[in-house]
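Same chain, two partners: subunit A is paired with subunit B first, then with subunit C.
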Partner chain A sequence: MKKVLVILLLAVVGFYLADVFIGIGFGNDHFVKSDEIKPVKDIYLQQTVENLKVSNAVTSIVVNFRGFDTLGEVTVLFLSVTALGSILYRKRHHAGDRSVLFSASSIVTAGSKLLFPPILLLGAYVFIHGHLSPGGGFQGGVIIATGFLLMLLAYENYTVSHNALSIVESFAGITFAVIGLMGFMNGGTFLQNFLPVGTLNDLFSGGIIPIIYIAVGFKVAAELTGVIYTVLNEKGDQKNG
Partner chain B sequence: MIAAAIYAVVQKDLLYAVIATGIISLILSIVFYILQAPDVALTEAAIGVALTTIVFIITIRNTVRMEDESDKNKNIKSAAK
Partner chain C sequence: MDNTYYDLLTYVVYGSAILVMLIGLYAVLVKKSLLKIVIGLSIVDSGLNLLIVSLGYLKNGTAPIFSKGFFELAADKPMVDPLLQALVLTAIVIGFGVTAVALSLVIRLWRHHHTLYIDEIKNLKW
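Right after this comes the complex of A and B.
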């Protein structure tokens, strides 16, 4: 009886999902079938180029039009990292405390040392140019976190200061919220643009978007580095396979 | 991609299963790129391929590598429902 109900429910949900998506060809974007309703994407695309002078439409939607959602996402990431830390935190770790099966060879350590600065540079490039090219705060932050991961894997004595991570993360979060609140001071709404937008395809353009993305990039990088560091320092039972 | 997904579910050695999920993410990011969504492709490549895979591998190192037989039967039953 229970299984029949589950199958029935899945069939109903599947039918309506398929009904919505069956009319759209693979890779097409025609969600609105009739011409009478003007979809919101046209307004977004128009506003992006004309008013904000941002060439990456995804960035302008994520940070400007839907900036409040992004603040919520950043908060969700922060909460999950805090939960992970509170579950796995036992005592303060020391350098060389980590359990390693075998230490890395000199080729790996030298290569990591060589690759670490370019990875950081790539991450910084991705989030600074978030409003011009594909990418943004989240992507750049994750790239920086993988750079730190490389160093943590190659050097068993490599440590990251938890205090520095929390300071960077808190400062970036406060920057995001303060920029949002400054929209109120200029007589607008939360996260409204108040800086001059500049010219299209310029590095210093788009008003508050680059500043917010740099803040998000630092925040995500600090959080994910903290996650990797916490998980990596967690010693399991000594019955490894 | 579908073959990798089935392999990840069926495989008993969790390390191979994690690598298979990484391959799924890699192909998915290529699909995103073909569908003209480079932002999402970049996110998927960074998070799905690199970060998630390595966090899972660290977790496997700290726990057990082989999937438990009784646990697996339970999973198959719940999947077949």
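Right after this comes the complex of A and C.
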């Protein structure tokens, strides 16, 4: 009975959602263009090429036009990681005290030792080239965290230092905030560019955008590794909670 | 590309994105296991992200990246909306944070009650 009701409710919700979106249409440009009024997309794309000299328009929006939003996003990520750590807090925390159903075979351990450096390299490549190619700080950070996840799954006594993680994390966060505040020193606004922008499609281009994205990459990598480490060290059946 | 192709694509793209959202909502509303509820929440996230990204697509559009290949091969094509992609990037990260905190709460409930089924957790009833 309950399932029928839920399906009916969802059918109504889905019908009206689909009605609205199919009315909008897929791939249509609805904006009536004129000389005075331009869609915000065109302004972003124009400014990205002409002023910022950044190839990837998504990066320039995330870090520059909506950079304050990204600072808030990084703060939300930090807050959720802190909440996870404090909810799962335990007084006694032994190293290597991990919930393992069965230990990894020798193929997995040998292979992960081989794969770990290339994964880190790929992650670093993705966030260093965040302003030139698809990718960026968040994606690169996630790739690096998967490398640590592989090592943690393969080796039962592999540990990551919580102090090192928090140092990397706070340093990256401070870098983001300080670069943002340095925009004020040149008489500008928060997160305003103060470095030379270079030429388009050059590795050293875009002013402060690559620096901020590299900081975001380190921060996301440290935070996600911390999440994985905290959750993996959680033993299911302990008597005193 | 002719128009009927895009008309068909409208139904396929938006329909599948909305279907993914509804599957997630169904899991949240009907399932009894807390783990499945959290999985349902993240499925709703994925469907919503698909919907927002597909909203920014333009006919014959290319990726919003001014690479060398773009200037050589596709300079006359319109670019899809990068703003929605940036918003979805934010939404994915926030979705990760939501999932992480929800899973940690589930682990905490497991520690106290040793069950994940909300019917068996008596403290929830009043």
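Keep in mind that, in the parts below, the second predicted complex is superposed on the first by the 200 of 241 C-alpha atoms of A that agree within 3 Å, B and C clash if a C-alpha of one lies under 4 Å from a C-alpha of the other, contacts with A are read in each partner's own complex, and residues count from 1 in each chain.
The rule is simple: a contact is a pair of C-beta atoms (placed from the backbone, for glycine too) under 8 Å apart; a residue touches a chain by one contact, two chains touch by 3 or more.
This structure is a prediction, so every number in the text was calculated from the model and none was measured.
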For A:21, select first, second, both or neither according to whether it touches subunit B, subunit C, the two together, or no partner.
second
Touched partner set for A:143, first subunit B, second subunit C, both or neither
first
Mind working out whether A:3 is in touch with subunit B, subunit C, both or neither, as first, second, both or neither?
both
Contact-wise, after the overlay, does A:58 reach subunit B, subunit C, both or neither (first, second, both, neither)?
both
Quick one: classify A:110 as touching subunit B (first), subunit C (second), both or neither.
neither
Between subunit B and subunit C, whom does A:134 touch in the aligned arrangement: first, second, both, or neither?
both
Which touches a greater number of subunit A residues, subunit B or subunit C?
C
Which superposed partner A:232 touches (first subunit B, second subunit C, both, neither):
first
First, second, both or neither for A:126, with subunit B first and subunit C second
first
Does any part of subunit A touch subunit B in one structure and subunit C in the other, and if so which residues?
3, 6, 27, 56, 58, 134, 136, 138, 227, 231, 234, 236-237, 241
Touching residues (chain side subunit B, partner subunit A) in the complex
34-36, 38-39, 41-43, 46-47, 50-51, 54-55, 58-66, 81
Given the complex, residues on subunit A that touch subunit B span 3, 6, 27, 56, 58-59, 101, 126, 134-136, 138-139, 142-143, 145-146, 149, 224, 227-228, 231-232, 234-237, 239-241
Could you list, by residue number, the parts of subunit C that touch subunit A in their complex?
6, 9-11, 13-15, 18-19, 21-22, 25-26, 29-30, 51, 54-55, 57-59, 61, 63-68, 78-79, 81-83, 85-86, 89-90, 92-94, 96-98, 100-101, 103-105, 107-108, 110-112, 114
Once bound in the complex, which stretches of subunit A touch subunit C?
2-3, 6-7, 9-10, 13-14, 17-18, 21-22, 24-29, 40-41, 44-45, 48-49, 54-58, 61-62, 66, 69-70, 73, 76-77, 79-81, 83-84, 87-88, 132-134, 136, 138, 200-201, 220, 227, 231, 234, 236-238, 241
